[in-house]
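One structure is given here, and the rest of the page talks about it.
We just call them A, B and C in the order they show up, numbering each chain from 1.
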């Protein structure tokens, strides 16, 4: 299918020229992302995929296009499919359906202007690409993030005995640390246990006992033992691996109020200080920024929420620029599934940064060179430092 | 008394023409409101009535006119009484005192541009109108909301035995469901127990036991038993009745932090999925929007707070447009007492929506037709759907 | 050293003339501040002093100048040292190093336009000025705040027996109440115990027992007993002394989520109603404003955070103007150490108020006279009332 072109990310707004040009051109490191759909989805599946919170189909009385994210898809992605910006939802869907999944991905992914994807492979699904395939479709390299809970489940499901579990887990982390592909780890403690748990480093004897309990459960295993999760986090730190932490916004299976990142204080105060990356963080972005000021090893992003807030993401990106040093924030899309999300994360972040920093420049609160340097730190350099790229 | 006219709600600001015209003319469903004063109040009573948080008289060192709400009353309501906009507080009070209560109501209520009041009759007071009288004074129809805690108290105070209580409560709910006037129910669990309670559906035997305990208390009864409150909510759901839930901002009798709507997750995940309407929600509007995305049956508004934030309500209305689908938000004033509040809720919401959506239109983030449709969904259609109007 | 001049606080922005002129000239009461550095600091010390959250040196991979506060220092303080606005961090540091500490203080402090410093002397350090010296360097008078935990520690370290402790504590408070210099007290319960503790007024017998336990600890004593802290607060109230309460934003030793001011409800509802001053409050400014509406004796500020948010403080100051009556908010810098912080608190507050209230004036939401009166209430008159100045 003949695709179209990305519209100017500063269409309709006024951003100082040099800053705008830089934001149009800079290639970003998307430090937390998932695969794109590699298989066809129907409209119901697509609409469900652009609702993060719900785990049900979108109800008949509404369409998920009627949301901030839906508006942003119509605005920015319709032209990528050769439609006018803000084409109607039905027109968008009709046109999108003419593209094969790989055509869609090839039409969308390059428009993200990303130089590297750092891919969480922990939640694979059947419909989304591997990192290799994402690289193939987008033309840029991928690195990998190892999900700690998944690693534990895989080991125990694969026949590792409880007694061997601590050593096997450490060996897998050492292999990850030695691999050129794996640049960090991730915990979804938010989904499994919440943050208000005991975070001290457990003894191996306790780990073995809990692994035995877990291994006795029906398959597929679901690790929801705080002690085993704490074990994974402390072992990742002991192996010098950066640790991404899902914080805040996610689906309704998590207790959002129990993912306030302040509840991580007992861990952050005592752990080995490998880089911690607080992901998403909405609506706790101010708390996350505060932690990034308070701890040398804490960094954060507002990915995922940028996409879901659409036009309102400018307010979120602004709140993320409150108390944190500029060296402690990163860019991510947290896109999963529709390649629209891989593009939009980037477009909305660039536009928000231009609007916010452009206003700072105009009001004399920083120089245009300062603004450009802030963009480069958050969009590129901090990720290079944190992951040793 | 000769009254005046409402000033243009877009005075002093610039909103795209069609959107502005639509917002000036659309008649709203005020889906959560109380009666207006039907009796004279003195200035002390009026000032106390425009302070939501306090339960004391306004202290001598200040006037409640010196607040965001006070400024908005002077701006928008002074012209309705024939004064200049922003007339001083003393002038406003002097002029207001020349009007009889029904003259005031007739001068104010029509300016709200409301097509239907959905009236919470649970907190009656002696000074405020019945729904019938509100309709008489405003010229538009009223529907009613049945307050669940009040219903239980009325039954037990009226002589229903504890043994008969479950059946009598169900019969009352069935009568409500059958009534053309009653369109939903409301719980003030926030005031009585907070949200961090056990929300599972109780057995009748337990309900009877607790009803016996309650009935033994001195009159007037005050239901503050979590089990009886959970009973009420689950019974309302079982009768297919929408359930309004007071969330957040209210007077100091409630523990605001224990009304974070995330604490309702155990209820929302397990209840029969009748429409739930999270009311007010400030300062948890982001959490409420998230829940409205996460659960098909959850809806919310930012009423009450819109009035109390006055000019700052634009920021609040903007935050309410973050993650929730547009089909899941409703308009309300939550006005109680001074008819100024019935008007202001509407004026401030229209103005905020015009400012926010107008900027989206200008920046190319949605079409003017999109903006108008969003207004209609939140202001009219979602309420029609939720309450079956 | 020849110093420079403060740039126009409304440079780069457009604020109505009379309001702008008033905000440039009004002299503020800084109702919560600490001393300024009286001794030289090296760059590492300075950078650590402009990071509130951390208790470590700034790491090698970054400079704390790359933060919102850092930008504001470069913008507003560089001209005070004779540099161009937004001079680079290294140039700023080189120039600053040419000034002796008293020269720096004399170059900076008068630019704050403060008419009185109300100084918390509880955390003295070796490097910062006494109130007398602050007055000497700035040319304006100082009042003092007595820190309650420090008073208790000083008494017990000084040899007061546990049996004599209650009476000695009361005598010291009476002396404070009688002193023309001391205008109030402060509790750092946030740092020592969090707010989710028992706040009822203890019996002397229990106080004596706890004082005995505390006195038996190694020196220096660190009061972290909730009962003794509650004793201090209730005694201060019994002596009619205003009570400042550290809320929210501070260093990582505190559990930020346990300093949500809503957790103070049990205290606020039952204490003798002397003025309570909730300090800083970020990111709980909306909760603080709500409490200031709900309780006659509660007031608040957003000091400290204004400095740390720099250009973003405008959004914070705007949120602080939501539900609280204008008679219940105060101005403070909470500066500690670098005299840059004493100036910036004032500059950023004036600029934010001009931007916010100027927009209200332009949009017709208040008169320019209203705006000026709001400035005077928050910047001057409320502090005069609360502290009886």
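Note that in this section contacts are C-beta pairs under 8 Å (C-beta built on N, C-alpha and C of every residue); 3 or more make two chains touch, one makes a residue touch a chain.
Just so you know, these numbers come straight off a predicted model, no measurement behind them.
Enquirer: Please decide if copies subunit B and subunit C contact each other with the same set of residue positions, more than half shared, or with different positions, and reply same or different.
Expert: Result for this pair: different.
Enquirer: How big is the rotation relating subunit A to subunit B when the fit is done on Cα atoms? Please round to the nearest 5 degrees.
Expert: In degrees, rounded to 5: 120.
Enquirer: How many angstrom between the C-alpha centroids of subunit C and subunit B?
Expert: 37
Enquirer: Using the touch definition from the top, which residues of subunit C touch two or more other chains?
Expert: None at all.
Enquirer: Give every residue of subunit B touching subunit C within the complex, in rising order.
Expert: Listed in rising order, the residues are 11-13, 51-54, 56, 59, 61-62, 64, 66-68, 71-72, 75, 85-86, 249, 251-252, 255-257, 282-283, 305, 308-312, 315-316.
Enquirer: Touching residues of subunit B toward subunit A in the complex: what are they?
Expert: Within the complex, subunit B contacts subunit A at residues 260, 262-263, 265, 268-269, 286-287, 290-291, 293-296, 318-319, 321-328, 360, 362-367, 370, 373-374, 377, 385.
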